[in-house]
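Okay, here's the structure, questions in a sec.
Read from first to last, the chains carry the letters A, B, C, D, E and F; within each, the first residue is number 1.
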Amino acid sequence: MMQHLVVFPIVVPLVAGILLLYRREGLIRFKRAVSVVATLMLLAVSMALVGRASSGEILYYALGDWQPPFGIVLVLDRLSALMLLLTSVLALGAVVFACAGDDEKGSNFHGLFQWQLLGINGAFLTGDLFNLFVFFEVLLLASYALLLHGGGKARIQSGVYYVVMNLAGSSLFLIAAGILYGALGTLNLADMAIRVAELPADRQGLVTAGGLILLVVFGLKSAILPLYFWLPRAYAAAPAPVAALFAIMTKVGIYAILRVYLLIFGDAAGPLAALEQAWVWWLGLATLVASAVGILSSRDLRLLIAYLVLLSVGTLLVCAGMRSEVSASALLYYLIHTTLITGGLFLLAEMIGVQRGKAGTRLVKARPLVQGKALSLLFFIGAIAVVGVPPLSGAIGKALVLAAADDAQRLWLWPTLLFASLASLVALSRAGSTLFWRSAHGSPSGSRLPALQWFGVIWLLSAAPLLVVFAHPVSVYTQATAEQLANPERLTEALLSPSRGHL
Amino acid sequence: MAFIAEALVSLMLVTGGVFVFIGSLGMAHLRDFYMRLHGPTKASTLGIGCMLVASMGYFWGVDGHIDIQEMLITLFLFITAPVSAHLLAKTGLHLRLKHAKKTGGVPFELRDEEVGKKPVPHPDKGHG
Amino acid sequence: MLSVALTITSTLVVIALILNLYRLVIGPDLPDRVLALDTMYVNSIALIVLLGLWLGGKTYFESALLIAMLGFISTVAVCKYILRGDIIE
Amino acid sequence: MITPRKWLPTPVLSLLLLFVWLLMARSYAPGQILLGGTLAILIPLVTYRFWDGHMQIKKPRLLVRFILRVLKDIVIANFEVARLLINPWKRLNPHFIEYPLMLEERFTITVLASTISLTPGTVSANLRLDGKSLLIHVLDIEDEQALIEQIRERYERPLKEIYEC
Amino acid sequence: MTLLWIALLPLLGVLVPLMAGRRSRLTCSLATMVAPAIALGLTLWQIPSLNAGESLRFFADWLPELGLALAFRLDGLSLLFNLLILGIGLLILLYAHFYLSEEEPVGRFYSFLMLFMASMVGISLSNNLLLLWLFWELTSLSSFLLIGFWSHQNDARKGARMALTVTGAGGLALLAGILLLGDIVGSFDMDQVLASGALIVEDARYPVMLTLVLLGAFTKSAQFPFQFWLPNAMAAPTPVSAYLHSATMVKAGIFLMARLHPALSDSALWQLVVPIVGMITLLYGAWFAFLKTDLKGILAFSTVSHLGLITVLLGIGTPMAVLAALFHILNHATFKAALFMISGIIDHEAGTRELKMLGRLRKTMPITALLLTLAAASMAGVPLFNGFLSKEMFLTETLESPLLGGLSWLMPVLATIASILSVGYSVRLVIAVCIKKPRQPSPKAPHEPPRMMRLPVEILVGLCLLVGILPAFMATGLLSLASQAVLQEPLDFHLSIWHGFKLPLLMSVVAFVIGGALYWQHAHLRKFKESFAPVDAARVFERALVSLGQRCEQLIAVWDGQSLQRYMGWLLLATFIMGAIGLSQITELTGDLGNQPVDGIVVLGAVMLIFGGLATAITHRYRLISLLMLSVVGLFVALTFARFSAPDLALTQLSVEVVTMILLMLALFFLPQKTPPESSAKRNLRDIVLAGGLGGVVASLNYAVMTRESFSISQFFMDNSVPGGGGHNVVNVILVDFRGFDTLGEITVLALAGLAIFKLLNRLRLFIPHSDSEGRIWSPDRYPAILTSISLALLPLALLVSAFIFLRGHNEPGGGFIAGLITAVALILLYMARGVEWTQQRLDFPFQPVAVVGVAVATLTGLGSWLFGHPFLTSAFGYFSLPVVGKFELATALLFDLGVYLAVVGATLMILANLGKVTTAHRPAVNATKSDDAGTNKESL
Amino acid sequence: METLYAVTTGVLSACGLYLTLRGRTFPVVVGLTLLSYAVNLFLFSMGGLTTDGPALVHGEGVYADPLPQALVLTAIVIGFAMTAFVVILAMRARSELGNDQVDGKKEDRE
């Protein structure tokens, strides 16, 4: 079985989804059990995979036993292993939270959730451009369904934005993939990298066009300016566990940018090297600015958190735009931090909203909370972490990012990022003081929140201190990952020389 | 292929083409919808039939053994074409499409004196 | 001879299709357009048959079969739509 | 005990399906016959439940004759129509006819309506809701009564004999 | 290790009150004091080693990648601060025990206080710049919690947020400064930084770095122009004010300047900026302190002023100035903490802090009044008090400093003015509180506080006096250690009460005389001040934030606009630009292959497609017509596939096209039939240009690729299709074998679509139109009889065709997907002909399980290969022979394709039949004339 | 032929894109469908245009590149799934929001 480990992150949610979706109604206990167990299995598998990958060996799994570049391969390197682990950690928090009752607000929650994981994991693992498209579609369609879970106007409206934009994005992906196939004659990413390195001059323009249109697609997924508009309202409207899981979705776009451009348009690509860099860098900065404006304008906690997701996207993009080993390492650390924390915050926002009654998550005066103390403590932790104030993970992440910039980049990055941080500090302190301090008179009413919800939130937010305490081991891993990414020839060798790396 | 065979195939083919053409021509130039309906229903169907026979003949000649699978398409067309025409005529009647002035035996649904000149708008104004 | 016949027939079919397009575009009423579309489906079977004769193979037989079947169904659907609005009721 | 009846609810249909299968498969190999035969039995079994009433062909020989006649009529009809269509200057006399039906079964009415549509200058335009009459549009009419008679004798009666008597 | 414990103990102490909070209050207070007391003891225990010149360090790596280490040092400066922090901290805890009322959550308060203490200790001990920053920010956070402790008060919330915002912003600047500094030095290690003064000052980035660091320090220490947050932070409970704003938090900035003094101060910039800012702050604070009427307000502004004083001294930077600064830090902490506590006592006992309601306390609270007078005397710089000593040193330094070149006389003059004001407000404080009669009665009748509540004050005032009288004995040791730490060399100095008649003394005298006189003119000055519009910093700040929020909202409204059209516009524009960039790099659009000749049928196809496309767009307002046009495009796309050797694609496209049409019509029924003309001509033109431009890019790219030779890997598939995949139809073999994984994903998508649509349709109640868009009532013939019979007749045929297409797919055009669609379409025809109810009764299998089983079959086929030790989805096939049947092939690919078939049938029916079902049960009677039920009835999904 | 093909793809894309920029859901859906047709044509042609070479290997001969065909097949199916979803979403949006504007905010002007 061990030789199939790499495909487990796909098979487990696939099979779990099948079990869960076979019957539409009833069996909620069974479904919860299956879903949680599957997610736990995923967690275990991902940990094992991180263990395998941390040695630096690049493994691949040739589906259907068709060797690369002809068949579809799954590639396990440090980056993909890390993303898988991150996904499963996030998913566990979200799914446990959902088991407290959100899963019963519509049909098929758990099955869709597992298939959403299937899509995400597939996107992280695949080493094939078109297969990446397929997994993008899997994760998108699952996310469409999950976004609408529970219904309501806001969800429908934001769903229209989200779906239409992404549908157009899918068409663009096909165009880009088509051009790259037409110009390079292959779909395997590693093979593409090799072919780009030996590209005849008259095809460079084509590959440039393909590569850049692909960047639009990934930019749309990761919510870069000016393609981010779908994000804030969709994330704000999504049911809490779904929004939490969505925290990883923008990172799929970031991941794709790292994977594709560092591999195909690496140093070996000659004139095409670093094709995306300038765009990602400048637009990442602009995204930061836009997110800061959004953060300051938000009058609803969920929307605020959604814009915080955008802030993290901007930060990650500028990191990607710096395109150095240091910045990649900083990016990965920040990515782990921001995914888990924003995920946790979405869950927390739901709990707060429930206890505030009619006011929900709107930042207005409302009745006091029944479990205000505990909630405010968690909110405080989440807010500190997300703003990047010590002593929690965000501070380290931010410092790593700031330090990763070279002198020329600092001139732009530092003011932007610091002002954005300040904006989030201002907004979150206002939000926190409104939510927990500025309560209307009267005694709190409503019921206490279920334990499963607390577990979900604490599970995710505990990343904030843990990432600080274990900053060193984590960053050893991220640095090794960055180093692996900076040397894409190892991946191409592992995949395309027959004697090595095959499971 | 034998000359005769080829000639037959060619003839069949051209005949088919002509019918196809006539069917569409009728549809293009006749004066009212009910008359336009006749062309495609009959001529086009037969035209395709002819061409399929030509195809059958051709491949008989080339391959040496007869495959009459084209019959299947013809069968399908002969089953479906009249039904399409029937339904189309129904929609025409439903929408009370204009008919040529000299049409005789106009049924009640096309007569203004029976159902009024204009459709009475429904109170809820349709679903626009 | 066959090639001449093919050319003639092709020309006729092409003209037929253009006539269909003409009717489709000018209408004037919905049933006219539906009729035009239906005829277009039928006539495209002719195109497929011609393609088969031209290329000398029967690879496209199923395509023709499907056009015959599906063209009908799509006409039915549109007619039902005009008649009843709700096509599956 | 499963009776052969249950195995083979519609032998004619099964035969037809087998025939169609062989047409499509372009092969009469035993394997294909076996496969086609299996499907020819399976498919009616699956779709049997969709038939409300079951059509019995009472006089198959008559059916064959009927089909041949219709085919002949179709060919003739087309030349007829072609003449009408090509010559737009000829004054056409379009006409609607309300044809009173003698047939009662829906399926036979359908066959009749289809036949009418495929044959000279007529399209069956509407089957009245009560199923008692059929509206027919005629492209160029000469004598209404004659046409009704012709349809009655040429198509409706044979159909009635084949299926309903 | 001891150092680590000193740093950790207060941090652990945070947990103590939380755990002891349930116990009695006294237990809680005492328990809380344990940790800082031990830490204080440990600190004191280190003094001998310090005196012996040992360097006390602790180092543990934390995040070497960033340069962050858990590094502590204890030198004189840290010692000075630690003593203040822990010592005064203990006194504050004691004081707070009495100050807080019974109902208040004392455990929480203590733990915030301890958190604050821990972070201050951390700052003072940090031997790593980043670590220092970590603790620095932690003070901002804990002070936020402390200031906002009385969160029900509006002022407290606002004050807390303001403090957090300002110090937080400073903290961000500091982070940048520290990173830059670390970059210049090459390390964040404090020892290295402090040893690299010359290197740092010469670096080109020095000015920026210094600015950033000073921003951090100034905001924290409430230097001008960031002073405004401090007075507003007085909304905190008094122990907090006493602690944060006298001894500790505001001193963090001072500490930073002192700590980095050796590294940063040796530059003209430092010597220009720091003293000037300090001097402005000094005067500003003193002036407002003089005019405030609220006890705590006076103290707060006085604090601002004294912080300015210390800053000036650090700016001057001579060894003696540094010494003076350190000394004043110590002194200010003692007398100001005492004063704050006294103000708290007064507030507590008299119920007010307003001067006009206070007075004559020497009668009612004699001891407190005495303590107040003594502490105020120290603040004013009366001889024999510690304040006098450091102030004298300050005045001396202003005289001796060569700052400001020709304007160097300005410093002593300004210093004197500040002294005058400081005397003025001190006198005013004492007279107004203790001597004069109150103008209004106080809410409570004042009386002495509990004995123990006064104890901390007494200790502090005692210290003021002791140091003032015996400076050499009390302070020399500490100060010499501290100054050595800052100056990095031993400083020879002598603290004494008397320095002889010198200019500074004269300045002091002048200050006393004029300051005293000023008090009498106080009323006039207040009037003078009130003639200016009052600037309430809190209000301004609050308003600025609100208006910032509003501006941002407006900005978002303009920029975002909630307009999908705009979003799409951006997306297309971005794509256009990207594509155009690529195209611009292609010198020759036509590649080596060039054009193939055109034939008439191809032209016809192109014409049909172009016409169909344009017509779809042009007629889009008439939706059904537009759909018909779209159908033409769909048909001719299929024909194009057929024309260019892709029979499988043609079949797929045809079947998908029909299903799509049906689907679109099903949905269109519930949508408006027409789009009203609403796009402006400008907008249309813009859209046409954008769409056209991108279309042009697509066409060009398409052309460029097609005319270039393909280097595809496809030959592999051709070569291996039969031997490796067991199928002659390479496309199908790719789908079910070479790239079966894609197909698995694809059917998952399809099943997901079914599930998602089911979700959308769940509990959807739609308004059923009684008539079409022109008001025509629907045809009464729901199920046209002829259609019904024909669809029944077609069903077996269609199923047969479907089976045929399915079975041959591996070798000839076809396959599971197309077969599935044909089956689905045949059933849909039945639905159309006979309605949902009738059909559903006879088609009694649920669709969702079918779709899911389809995916399951495909998955299991893939998993099956594990049994044979092959990777997921490895196919197998074999040729077998049976007596009658003959030779035939069996392939796992067929099983996989069966999965595809089932998934397609299940998903398609799930979509279409469910959509059909939406309305069926709720259709009103055909001839209904009432329209009561016309409204849409919405429920959640 | 390539020119004609490319022009067709371009025109179809442009028409589809134009429709996706409309303000009502239904035209947008139609536009996306049209766009996906265009994209399928585009992707299909990435292996070049081949006449009379369906990739059915029965011996020697010129074969069309089967890989783009397989990709297009997948793309068609996925496109169908997406279209199905988005059109139902449009329907639901109309029912929830009371009009069929893509932005869902303005008054229904009919």
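One rule holds for everything that comes next: a residue touches a chain if its C-beta (ideal position, glycine included) is under 8 Å from a C-beta of that chain, and two chains touch if they have at least 3 such contacts.
These numbers were taken from a predicted model, which means no experiment stands behind them.
Legend note: the chain whose CA centroid lies nearest the centroid of all displayed protein CA atoms is A. Set against one another, B-D and B-C show the most C-beta pairs in contact at B-C.
Averaging Cα atoms per chain gives one point for each, and the point farthest from that of chain D is the centre of E. Per-chain CA centroids place chain A at a distance of 57 Å from chain B. Separating the centre of chain B from that of chain F, both taken as means of CA atoms, is a distance of 30 Å. Between the Cα centres of chain A and chain D there is a gap of 62 Å. Of all residues in chain A, those touching 2 or more other chains are 130, 134, 137, 141, 144, 148, 152, 160, 164, 168, 175, 178-179, 181-182, 187, listed in ascending order.
Shared interface positions of chain C, i.e. residues touching 2 or more other chains, are given as 10-11, 17, 30, 34, 50, 59, 65, 69, 76, 80, 82-83. Shared contact sites, meaning residues of chain B that touch two or more other chains, fall at 18, 23, 25, 37, 39, 45, 67, 69, 72, 76, 79-81, 83, 86-87, 90, 92, 94-95, 128. By the touch criterion given at the top, residues 780-781, 784-786, 788-790, 792, 795-797, 799-801, 803-804, 807, 830, 842, 884-886, 888 of chain E touch chain D in their complex. Residues 562-565, 568-569, 572, 593-598, 602-603, 605-606, 609-610, 613-614, 616-617, 620-621, 623, 626-627, 630, 633-634, 637, 640-641, 643-649, 652-653, 656, 659-660, 663-664, 667-668, 670-672, 675-676, 678-679, 687-688, 690-692, 694-696, 698-700, 702-703, 705-707, 710, 712-714, 717-718, 721-722, 728-731, 734-735, 738-739, 742-743, 746-747, 749-750, 752-753, 756-757, 760-761, 764-767, 811-813, 817, 907, 911, 915, 936, 938 of chain E are the ones touching chain F in the complex. Chain F makes touch with chain E in their complex at residues 1-31, 33-34, 37-38, 40-42, 44-58, 63-67, 69-70, 72-74, 76-85, 87-92, 94-96, 98, 100, 102-103, 105, 109-110. Interface residues of chain E, counted against chain B in their complex, comprise 669-670, 672-674, 767, 769-777, 779, 781, 784, 786-787, 790, 793-794, 797, 929, 931, 934.
Of all residues in chain F, those touching chain C in their complex are 51-52, 54, 56.
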